[in-house]
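Pasting the structures here.
In the two complexes that follow, chain A is the common piece, with chain B as its partner first and chain C second.
Here is the complex of A and B:
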């Protein structure tokens, strides 16, 4: 225990992730059930059932960041997958066949668990996985919210799917273990409580970045995100975010910024969209070298899934109401709030070749947010994992122009 | 034969000039027209409200205004729809538009439309993907009811149950007659060549379905009464969202390739599911979605798209399958690698062609269709 207290949150996060992957691999080796799930799926059901789960998006991001994506992408494209499809999916289809990665291995799944609140793409992607692996497919289809808020009939539909999923998990487990396995509703409540607590702690930690200067270098968000994706239902996840929050608070109290002493946070910006994993270094340096700190993104809220314990429809609404699944007006309002709450000077929009859902609203979002908040914005072309769809030179040129706008706006503000 | 030719000419006239046909339809019937985006939408409710649904499947238009909202990698059909909303082509004839988020692109288009096209009522829907469970049937009922209220406001008329029942019957008859027509192509592959077949089916999107069905029934009867045509060309199934421009269909005809059957969203996927007999009209409409199979726009747990194509090849006696993949269409692009492997394993030749609606020339497709036809036994 004493030794544990000395660990930094970053070390704790590394341990958490290592344990996450190792326990899934061990579970598979021991003949236990393993699921592949989408990143913001109702993990509460799997956690309650004690089923190990890994997240292909998370693995694809790791593969991308360690510059290993191309071989998996090539494999998928060789089988006929279009270059225009999501690169996470192309990496994952490649891994599903090659089954070996230098970056991060995951066990093969016994069933698939997919939730459409992050995109429609995952429905098709996971449908293919279930077919190719000949395993059950459990889906949660969360209607896209063309209305500002989640509608009641949509929450009822989601509730129906949760009830259906519980039955299917019981059937899958019973068949797999050769003995009757039942869903434990008391444990479910405990898991819901933990999931809410961990979500809240994640949110609280990321909110410390509101301090000026921000103690958080936002690219760290991309690292800690792996923790919230994989451990939203665990106490261990909670502990990591608690430690992270305390570190950030201590830094903020001491007036420390995101980088080394002397490296000034000149401008504070938000990042819209997924990271460019193969170019984390370039995208980071392009901003940092100009004193631009990415303070936050839409990520903190996306995993802040909060609801009253035991309220299944409330849980459904929380999963459905995330940024990706919300209408344009709702998205604009959210980002406007972020701009104000985090005292931002600008927004970096990643036009991500993989993500049509975020892209095809982005131009209008950019216009509306600029008009509402007056902050500087920039949009650059890239991709979450396909290394061919990004140019460092082009990115830096865009950031230079962005910097000029940021400086001009600052000067205007100074002059009043 | 004279009957057949003149009936076909009527359909061709309608389908070759959608804008003009829609304007005439509005003038002749005095009814309001509601634009229906791809794909499955509650046309029966529009019809029951005393209005006429009109298909919106893109078309030839210069892409300009929509670039303000959409990156280059957006499906050309949906982009064309958006452009024609922005440049006010649709406003000339349509009194409202219905769309549902069947893919990520449509989710966004619907949101952009609210900002970019403000002079026409928009009814935004969502059809469930977990479509077979009871909760989905209830959900669809609620969506239909909501859409109905919005449609009633446009129509200025309340829809009764009797209106819905009558509309359902019109649509079931239309779907049954359309299923019959696609089977009859095999009898007259020359007369009902790729282009003609397409135009006959397409005309339904710009006519009162009741009138269309009567004319199609007459055509079907005339085909049944006519002698079978001898045909020495090749027969293929086409798969995809839709096959256009017309020059692309002409390329099949020029190469003596008959489209003997289709697995297209614009065609058979719309009418191949027969409605159930029991339940309210809302339930029957919902069950048509639940019962749909091998449709890339609807989640299929068993993923039987490949199996369906193999079955169709046998049923229609096709020599091969031509995939007309709408570029940037995610649902189609995810299905292709899976069914390609299944078709290859069944020794069924496949030609994959990536198409865009605004392509300037179909020259390369002509060559590819010709080369493919030559390889077919």
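Here is the complex of A and C:
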């Protein structure tokens, strides 16, 4: 029998993403339900119902990375949306009107599925979509956790919303297909099991970066992230991360670093905040050319949604307790742990014009983490998708000065 | 032996030459920056004043925004490190440096060894930078160097509330149209720029001795304003505009000795 050549995880990821978008477009063409969802929403319910879902944030990131964001942003601003609004939202509002992108098309939604654990802009952004498109809106309201841990009442509140969403999905599906559609609780359990397994595999793969040197160049993490956003509930997603993990482990075992042989990982840093998608190349090279490897970020944990199978309240807690929705002290402790576990020398903070939630506490977070860990930090201005809010020269100067500080600290440690 | 430091900023070019014993032989500055013949002019002037030629320089370090396009240096080092180096040499015990440059403002924290421990730079825009004062000087129809003297004649405190340089420009024009005295506007501009930069300084944490560098530090009224804002005395580095160039020259010597 002929042996099929083993695909690399990168090829598998490309196939996974192509398939994700194509199957949603096909579903729409076949008259099946399609949802637009926020990036860390309880997809388990949609997956159980067999509803195709696409993630406008993921599409906006792709549009940004392929340098196509400006036309959608211009269109939105022309319609009256403020430049101070999140640029993912402006890209999405533009796409909602123009419906055509060179980078990545998505089908128009039949309903909206929005979860406020990632930020509170999404509440109004997605509500606006539902209103403009005149389609149903399912909202998961997850209040910000001002306490260190998720309180029981918050988890119960979310649990109630999950139960309500199941009923809404049944109603929406029944109406759409003209026949009674029921939520399958056995299938739900299987989906929960798969979602946990895929989350864990994603986490395990990203943790291989703890090796020194790290076999992972963190800008690859930004690519693989598309897979966890869109395929957290699928076996195919699991397989991609498993293959990725095996590749990284093999590299680590061979003592290989993130780049080509001979390109030394001199310093290890983490990235705080969303990527600067329109300037991935500039932000990457600015670090790499100085031997600085971005080993990890807060992304790996954000999609590590783990809970006991069948435990809806546990699931509610997991969605509520993600980094973005946690208080300052919790955030500082998480990053401090990352600094220690990944043996980091420093942190790059992206002061992201779009992201009010992350910027709100960033300065204080930077100050506290620096005090706790003693690592060097640098902050630069940018935006997740708006290309007008970043200057390569300013970025490079900050990164070079950051490098000089890292070198100083290393030299001082060496001298004792 | 001779070591050259060149600091090519957005609005001025500076050069310094030292010998192998860190003696400062010359420091020069001209108010034309990157993209002009400014760097060549200051280097030639510095060489001439010391009485040596270019080929007698043993090592050159370039700094400032123009360092990347300047091809005649042996090494580039950022202005953050160079200001740190220069200040540590000139002002023993310095821990906090406030530098207001043409297109950015920075606050640098030095550790006890005089090395850069941390730094912050202005965000987003020209607010809190020397460019802001340049714009103000233009509206007031005076030279940048005359702003300080003008501000000292201020009798009434006015506030320029816009941090955006372009908005502040229109705000000031309307103030002048309403008859506000030029001196009060000049002092208002000083208050505006220093409050922005003082915010940066407080964020990084202020530890004395606090030193100001950069051309703006020659503006005594700005320095006094800054002292008031941060609540610490400020030492102005001797010949503050050329501190970055001096730091670059010191790095040139250090790098040469390591080789």
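What we mean here is this: the second predicted complex is superposed on the first by the 411 of 416 C-alpha atoms of A that agree within 3 Å, B and C clash if a C-alpha of one lies under 4 Å from a C-alpha of the other, contacts with A are read in each partner's own complex, and residues count from 1 in each chain.
By definition in this document, a residue touches a chain if its C-beta (ideal position, glycine included) is under 8 Å from a C-beta of that chain, and two chains touch if they have at least 3 such contacts.
This structure is a prediction, so every number in the text was calculated from the model and none was measured.
Engineer: Determine, under the contact definition given at the top, whether A:393 touches first (chain B), second (chain C), both, or neither.
Structural biologist: second
Engineer: Please work out whether A:18 is in contact with chain B alone, chain C alone, both, or neither, and reply first, second, both or neither.
Structural biologist: neither
Engineer: For A:401, using the defined touch cut-off, is the partner it touches chain B, chain C, both, or neither? Pick first, second, both or neither.
Structural biologist: Only chain C is touched by A:401; chain B is not.
Engineer: Mind working out whether A:306 is in touch with chain B, chain C, both or neither, as first, second, both or neither?
Structural biologist: neither
Engineer: First (chain B), second (chain C), both or neither: which does A:98 touch?
Structural biologist: neither
Engineer: Quick one: classify A:376 as touching chain B (first), chain C (second), both or neither.
Structural biologist: In the superposition, A:376 contacts chain C only.
Engineer: Have a look at where A:363 lands relative to chain B and chain C in the superposition and call it first, second, both or neither.
Structural biologist: Both chain B and chain C are touched by A:363.
Engineer: For A:250 in the superposed arrangement: first (chain B), second (chain C), both or neither?
Structural biologist: Neither partner.
Engineer: Is A:412 touching the first partner chain B, the second partner chain C, both, or neither of them?
Structural biologist: second
Engineer: On the superposed three-chain arrangement, identify whether chain B or chain C touches more chain A residues.
Structural biologist: Counting residues of chain A touched by each partner, the higher count goes to B.
Engineer: Taking the stated contact definition, name every residue in chain A that is touched by chain B in one complex and by chain C in the other, in rising order.
Structural biologist: 351, 353, 363
Engineer: Please give the residue numbers of chain A that touch chain B in the complex, ascending.
Structural biologist: Counting only chain A, the residues touching chain B are 76, 79-82, 84-86, 89, 116, 119-121, 123-125, 127-128, 130-132, 137, 139-141, 143-144, 146, 153-154, 156-157, 159-161, 163-164, 327-328, 351, 353, 355-357, 359-361, 363-364.
Engineer: Which part of chain C faces chain A closely enough to touch in the complex?
Structural biologist: That would be residues 65, 68, 76-81, 104, 111, 113, 115-121, 123-124, 203, 205 of chain C.
Engineer: For a test of understanding, state which residues of chain B touch chain A in their complex under the given definition.
Structural biologist: Against chain A, chain B makes touches at 68-71, 73-74, 101-105, 107-112, 114-116, 124-126, 128-130, 133-136, 138-139, 142-143, 296, 299-303, 325, 327-328, 330-331, 333-338, 340-341, 352.
Engineer: Sort out for me which residues of chain A touch chain C in the complex.
Structural biologist: 351, 353, 363, 367, 370, 376-377, 379, 381, 389, 393-394, 396-398, 400-401, 404-405, 408, 412
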